[in-house]
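In what follows, structures are represented as structure tokens.
Two complexes come next, and they have one chain in common, chain A, joined by chain B in the first and chain C in the second.
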Partner chain A sequence: MFYVSMFFQYVSQYMKTRLQYRADFFMEILSDLLNQVVNLVFILVVFGHTQFLSGWSREEIIFIYGFFLIPFALFSAFFNIWDFNDRYIVKGEMDRILTRPIHSLFQVILERIELESLFGVVTGLIIIVYSGVSLNLELAWYDPILFILFSIGGALAYAAIFIAIASIGFWSDAKTSIMPMMYNIGNYGRYPVDIYNKVIRFVLTWVLPFAFVGVYPASYFLRKEEWYAYAFATPVVGVAFFMVSVVIWNQGVKRYRGAGN
Partner chain B sequence: MSDAIQVKQLRKEFKSASSRSGLKGAFRDLLTRNYKIVPAVNDINFTVKKGEMVAYIGENGAGKSTTIKMLTGILEPTAGEIAVNGMNPHREREKFTQTIGVVFGQRSQLWWDIAVQESFRLLKKVYKVTDEQYDNHMEHVIKTLDIGPLLDKPVRKLSLGQRMRCELAAALIHNPPLLFLDEPTIGLDVLVKLKIREFLKEINEKYNTTILLTTHDLGDIEALCERVIMLDEGRIIYDGELQGLKDNWAEEKQIHFQFIEAVSLQQLQSLPFPFTANWVYDEKSQTYIALLKEEGDHISQLVSAVVSHFKIKDIKIHETSIEEIVRNIYEEGTV
Partner chain C sequence: MGKYLAMIRMRFLMMLAYRTDYYTGILIYSINIGAYYFLWNAIYGEKSSIEGLSSMQMTTYVAVAWMARAFYFNNIDREIATEIKDGKVAIEMIRPYNYLGMKTMQGLGEGIFRFFFFSIPGMLLVALIFPIELPKEPATWSIFGVSLLFSFIINTQINLLTGITTFFLYNNAGLIRAKRVIIDLFSGLLLPISFYPMWAQEVMKYLPFQGISYVPSMIFTNGYSSGEIGMALLQQFIWVVILIIPIQLLWIVAKKQLIIQGG
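Let's turn to the complex of A and B:
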């Protein structure tokens, strides 16, 4: 309960900070919207030329892409920790975090929220509805609930990977270029995994579970029954990986060396 | 449970990679690294009673910050026991931090872009402070530190002195029984320093708050602390009263003279005194310096003798600063 109320406290703090710079705030919203438009155009251009991709139709691929944008937007809004190493470990901001009576990861996440990224959810929904209509997808009454569960599961899986990578900073203070690389690998989850070879598919499922952010959950809504087991595993995988990443984080905090001053 | 801090055989080691020389060495480093284990804090023991104000001093890199970071739960010790407010700081971190206040002089607790009072408000929620407690306590703090007019300004628009006062208030929102201050007066002007010292003394009296502070400023220590713990290379080399430290190490006073006419060192040395005074000539500032023990009326004897024999332009009595005391101690090795 305390954590829920802290969440809203930090969100309101964030809003106040944002509103301090009005011009900046509007520019940010504008650039975010533009970003989403570019995303849309990109999809239409790229997939305008493809009809089928190993058994997936164009609309289905667009649907997966649209679905991917939703957990990804949740992830970017609440787990904006790609610069954790620089900001918190090298600059020693972690010292401050550790002197406050809230779980350290929770604080870092709250300090770094970026709610503008939630616009991605809107873009994702537009794409899903568009492709869903052209595919004549039918919805059961419980599908919206599953949709929410799968989105959260996907976002958690994504977050887990990045938390685990951020935790590396506790062990080695050297700068790593893993973060940007991960963002690239993360994009693989936007496409049907059976277009990749077996090794990559295995990695995307069990090592870096990016497939659970896009293809697997989306295939449930596309009624691809051969993927149902994976689709329903999404929330479980998300929570499991997330828990493991928190354990890694907690171990990392013990190794924190602090920055000299 | 009358001790605020108990530290037994506390040790913190850092592993640091040492690189070999040359290109060949760099290639070898790539494969196998040489690690050196460096103890930053080396088996120290001390206790701080409730309500005490203790200065924790030493050169840069002596292990002060490392100790403070272990005491505040930021770092996990390599070995040894710590009990602060009866808890293990690192293991019970979240519960523990509720009972301490921390000010790191070079790091801000406040949100940079928003008004100070918004930061206070969030911290109040973080520490689960009720409105009633907050009003009772903070009203006084805000008044004493004179930060009322600053509350609605964003932190980035404050001067360093204004910010430090706000930092101090922020660390006290939950009225902690124990306060850690790492260089709280660094870079501040005299007036702000005085205000902060006065304030610390006041909360110590009012709430019996225990204060542990690191500083390079002798003034801070003299104004606040009866007790000094001095650290060198991770070991405690002095733990006791400030006066003791001064008596042992600051026995010599320096008196600086500048003369209108040319005076030679021999002339000065030939002045008769019933005690020993060493004369030194500092060419750069053209000053003659008399070094003597501070005992009885030696200073006035020396000054009156010099003044009656020579025409002086300037005279200065120089007290040994904490840096000089510390330097003396380092030169001699042990206390």
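Let's turn to the complex of A and C:
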């Protein structure tokens, strides 16, 4: 209960500061939107030259991209910890976090929320509805529930990777520029995994589970039965990877000695 | 002239001190090239060529477009914006050099550094991993070099323009981000211009962006006939000249209404 009320207090505080600079707030949303438009334009132009991409049609690829946007938006809104090492360890901010009576990771996440990223959920839903309608996808009554579960699972998988990498900061002081690299690898999950070779497919499934953010869960809604096993594994994979990453984080916190000044 | 050369040298040495940051940069670009390599392979499928480019040429195009970006890309628009915001620009303007010229030289110093420590090793790395066809004719290499220099100038001019708008907009972080996305799309970095629908190609003919990435990359991949090369280079050159005009005009107006926002 305490955690829930903390969450809402941070959110309301955040809204106050953000709405102070409204123009900036809308610019952020606009530039995210522009990015998404560019990615869509890419898909549209490419399909001007081919009918299928490894057996996936244009609308299916667009659907996967739309689905990807939703867990990605959840992740970017709540797990904005790519600069954790610089911001908390090098500057010694972690000391302050550790003196407070809530879990350190929870607090870091609350301090770094960026709710405007949630707008990606809206764009994602619009894209999904558009492509879903043109594909004549049928919905079962339980599909919305699965949709929510898969989205959360995907977001957790994404978050797990970034939490695990942020935890490296506890062991080594070296500047971790691995984070931006991860954002780029994450883009691989936006397209069907069958276009990649075996090694990359394995990595995207079991090592850095980015495929569970886009193509695997989306293939359930596209009724691609050969991928059902992976699709249904999405929430399990998300939770499992997330739990492992929290364990790594907790181990790291035990080792934390402070930057000292 | 000497002072501008010193600027290039200083920026080069500064970058050299932080060179380890660039090793991950090469990896990131290689990861991006990899993503597009697999994507294009799937797009080509059975087809031997699309819009006159074979799949091997396409891989080369993607690789050279990204590695050339390492050379022409710079953040001087953001640097100008910060210098205006914290008031440093006032000091810069009373110094005995042209502020915009100095910024351009810093960008060039950065570009030269990245050319040797990023583009060349990066190109060697991706040539080992992916099937890439390097040009065989020495002439192609030198024409590519000229074209790449033009692409640096055009990109820098656009950056200067974006930077100067800070004088009028005060906070243009959003504009800078939007500009970067637009250049990635319209310059041909993500997609060769010839892949766009005809109407879009018509529109882009009248924009300076394809001079940034499409022209040098097409030259490198032998995607142009010799007549087209001449036209493309001429087009780049014309844009270099045209873009001087709005920069100078904006700069004159901007100097008159400079407001320092603190510092």
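Worth pointing out:
Everything that follows uses one rule, which is that the second predicted complex is superposed on the first by the 230 of 261 C-alpha atoms of A that agree within 3 Å, B and C clash if a C-alpha of one lies under 4 Å from a C-alpha of the other, contacts with A are read in each partner's own complex, and residues count from 1 in each chain.
Keep this in mind: a contact is a pair of C-beta atoms (placed from the backbone, for glycine too) under 8 Å apart; a residue touches a chain by one contact, two chains touch by 3 or more.
The structure presented is a predicted model; accordingly, all values stated were derived computationally and were not measured.
By the touch criterion defined above, A:90 reaches neither chain B nor chain C.
Shared-chain residue A:2: touches chain B; no touch with chain C. Look at A:196: by the touch rule set out above, it reaches chain C but stays clear of chain B. When the shared chain is aligned, no partner comes close enough to touch A:149: not chain B, not chain C. Once both structures are placed on chain A, no chain A residue is touched by chain B and, in the other complex, by chain C. Listing the residues of chain C that touch chain A in their complex gives 21, 24, 27-28, 31-32, 34-35, 38-39, 41-45, 47, 50-51, 171, 173-174, 177-178, 181-182, 184-185, 190-191, 195-197.
The touching residues of chain A, when paired with chain C in their complex, are 23-24, 27-28, 30-31, 34-35, 38, 41-42, 45-46, 48-50, 52-54, 175, 177-178, 180-181, 184-185, 187-188, 191-192, 195-197, 200. Those residues of chain B whose C-beta lies close enough to touch chain A in the complex are 14, 65-66, 69, 72-76, 90, 93-98, 100, 102, 104, 106-109, 111, 113-114, 118, 122, 125-128, 154, 182. Residues 2, 5-6, 9-10, 13, 16-17, 20-21, 92-96, 98-103, 254-258, 260-261 of chain A touch chain B in their complex.
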